[in-house]
Amino acid sequence: MKTVLITGFEPFEGARINPSWEAARQLNERMIGGVKVVARQLPCVFGTSLEVLEQAIDELDPVLVIAVALAGGRTDISVERVAINIDDARIADNAGNQPIDKPIIAAGPAAYFSTLPIKAIISAIREAGIPASVSQTAGTFVCNHVMYGLLHRLRRRKARAGLIHIPCSPEQAIERPGTPSMSQASVVLALEMAISIALTVEKDICLEGGATH
Amino acid sequence: MKTVLITGFEPFEGARINPSWEAARQLNERMIGGVKVVARQLPCVFGTSLEVLEQAIDELDPVLVIAVALAGGRTDISVERVAINIDDARIADNAGNQPIDKPIIAAGPAAYFSTLPIKAIISAIREAGIPASVSQTAGTFVCNHVMYGLLHRLRRRKARAGLIHIPCSPEQAIERPGTPSMSQASVVLALEMAISIALTVEKDICLEGGATH
Amino acid sequence: MKTVLITGFEPFEGARINPSWEAARQLNERMIGGVKVVARQLPCVFGTSLEVLEQAIDELDPVLVIAVALAGGRTDISVERVAINIDDARIADNAGNQPIDKPIIAAGPAAYFSTLPIKAIISAIREAGIPASVSQTAGTFVCNHVMYGLLHRLRRRKARAGLIHIPCSPEQAIERPGTPSMSQASVVLALEMAISIALTVEKDICLEGGATH
Amino acid sequence: MKTVLITGFEPFEGARINPSWEAARQLNERMIGGVKVVARQLPCVFGTSLEVLEQAIDELDPVLVIAVALAGGRTDISVERVAINIDDARIADNAGNQPIDKPIIAAGPAAYFSTLPIKAIISAIREAGIPASVSQTAGTFVCNHVMYGLLHRLRRRKARAGLIHIPCSPEQAIERPGTPSMSQASVVLALEMAISIALTVEKDICLEGGATH
């Protein structure tokens, strides 16, 4: 049976939960368009996160890989456009690593674009009544590291891949008043839409999703 | 039968809907703690909004009045602490009025504090998993106008009253990417909790809800 | 000789400096419109701050009192419109006090409006090329406490009084990237304009300065 | 004589001035480290902006090229790390073009990293008391277009190049209260430091400048 691999991250920066994993795990074993979803948790650690991801890819040979990550402060489902070949950690990862200006893949290209149909995905999520937009940067921490490594790994395969950032959970926003949040139900629905669209839409649609800066 | 009056506003500033009315109307005729909720829409107009509100109060003689209003850009349910005796309109209201630095009630006091148990309300909403906080200002537009006029009108009565601001709806956030939003289901649940607490909690609880500025 | 009293606060929340005092002290002994400016530092402590302020008022009998305070996160010079009769401390003050929902003056009114010509002041500051706006809330911490206590103390006198919030200094923004800031030169110039206008403009001008919420 | 080319943009999105050009022009003919600065204005137009820039490069054969652009809403001097090979215009440019998801250079790589010593530059600007940080995205509008095209053009040359975003001017912030701003004097000083460092620091320093997302 064909599989989709969806990943979420373990908690980081002292948090008790990470809503990216809480959402991803809801989709484990779900069938979407005849394809089985498998959810895996990634450590929030440079290097190791990619090892765990690559093992899962070897094991499952998925037709689609979507990494999900938390972007505290963002207001909507943000589908990343591009990953860049650099690690620059503002804070230490969960193993205490804090690389500064190190390439992820020594001889890799400067960046990889997501191979997901990002515009079709945000369009479908919006049609479901959930705010979504394109993000032009996945940062330079473990999320970008995983997205770049994932796209590098799959660069010669047909499997599509990309990363989707989600807002804080309501529970996190209660602890830090003023933080935008999104309910888990909306996040899970949005991820379902993303998987469904990525499995069926061959060529991305033409929809404005840029930023002036 | 005892009644609770809950109000929402009509759309303003060119919007097609106002989620404050969309939420309030969901509660119309709902029974909460043996009390019947009546929802009414207020025009987004200085003066007229208060006339419509006062007519409803005369007609219903409610034990509790909660005005609900949209606060585009806010991230959570924000329960207003205080209304001040000034109209200062950044934009024209729906009738084209744009008062600047005019008192709402000529001989009225500078401000009225909400008579809702605001801390108990935010505590209950948070326990339901919905972000909520105290707001120290309801602005100087029609929302503050209605809250001040309402509290002035009820100043010698036992009926409690106050104003609750809500975030943009997801639909509005889709049109303006980057805007925080909250689903209608969460807003309606939060308003239900607010009504229920205001009907039952006599003395407000001690819970930090301040702002350093 | 007539005097103007300008106050700044000592550092709080672990900061090493407070740009409100750094700016206020630059104006000490300055002559503005034939009136001598005296700068005093206030402790960031409920109660004591007002005692120090009232001693200075007794000693100097100023014709004008402007309290200056830091509002980290704000982008411009914000002239406060109103102070409310409540202490609600999100963090402890410098003496460890953290009052919650306590009135500042037990039998005082709910609020006092600034007696400064706030619109004329922001207009003059803007004409000098410096961003400025009206703020509808001074929070519920020591700044609001001082503003309320000051206006209460002077409620039967002719001396004008109010509070002006300023952004973080560039040095503070360097430590917390993403924080808006303003140079000390601009802040000092803005405070000079505020003093000058408050000494000369009898009746405030009509200028929109409201907030929709 | 060796030259540095610094560019600013013409106004866009209905603005009357563009502070990027107002700052850049202040540096025209300035000598920095024995090198002459030449300032040129670029049209805010896809394609044409790069033609004007390449003509200037042909004419001047500069040892260093720094493009300066406005990033309304940002709080500090932000030195861009990377430019990506995509045009995606949220608004039309000054010639009415609104490309969506078009590569800038058909066979170009996904991205180019700035060849400026970006960490040494932000360190020097901060030491001068001016807030500065690394930005992980230059957007997908004309700024990113120019930065990508510039780095592509110089990819086999020794001349260093990059793009620096600046905040709104105080005048712009006065028109849109709430917008962060920076004085022209600070912007010009920061650009001078950037030029000076780029001319003298061979190998960039190790300084954290990342983003978690």
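Chains here go by letter, A, B, C and D, matching the order in which they are written, and residues are numbered from 1 within each.
Operating definition for what follows: a contact is a pair of C-beta atoms (placed from the backbone, for glycine too) under 8 Å apart; a residue touches a chain by one contact, two chains touch by 3 or more.
The structure presented is a predicted model; accordingly, all values stated were derived computationally and were not measured.
The chains that touch both subunit A and subunit D are none; no such chain exists. Comparing the CA-atom centres of all chains against that of subunit B, the greatest distance is found for D.
For the pair subunit A and subunit B, the distance between mean C-alpha positions equals 38 Å. Separating the CA-averaged centres of subunit B and subunit D is a span of 46 Å. Between the Cα centres of subunit B and subunit C there is a gap of 30 Å. On the subunit D side of its complex with subunit A, the touching residues are 13, 69-72, 74, 81-82, 84, 86-91, 98, 100-101, 109-113, 119, 134, 136-141, 143-144, 165, 204, 206-213.
Considering their complex, residues 75-76, 126, 129-133, 170-171, 173-174, 177-181, 183, 186 of subunit D touch subunit C.
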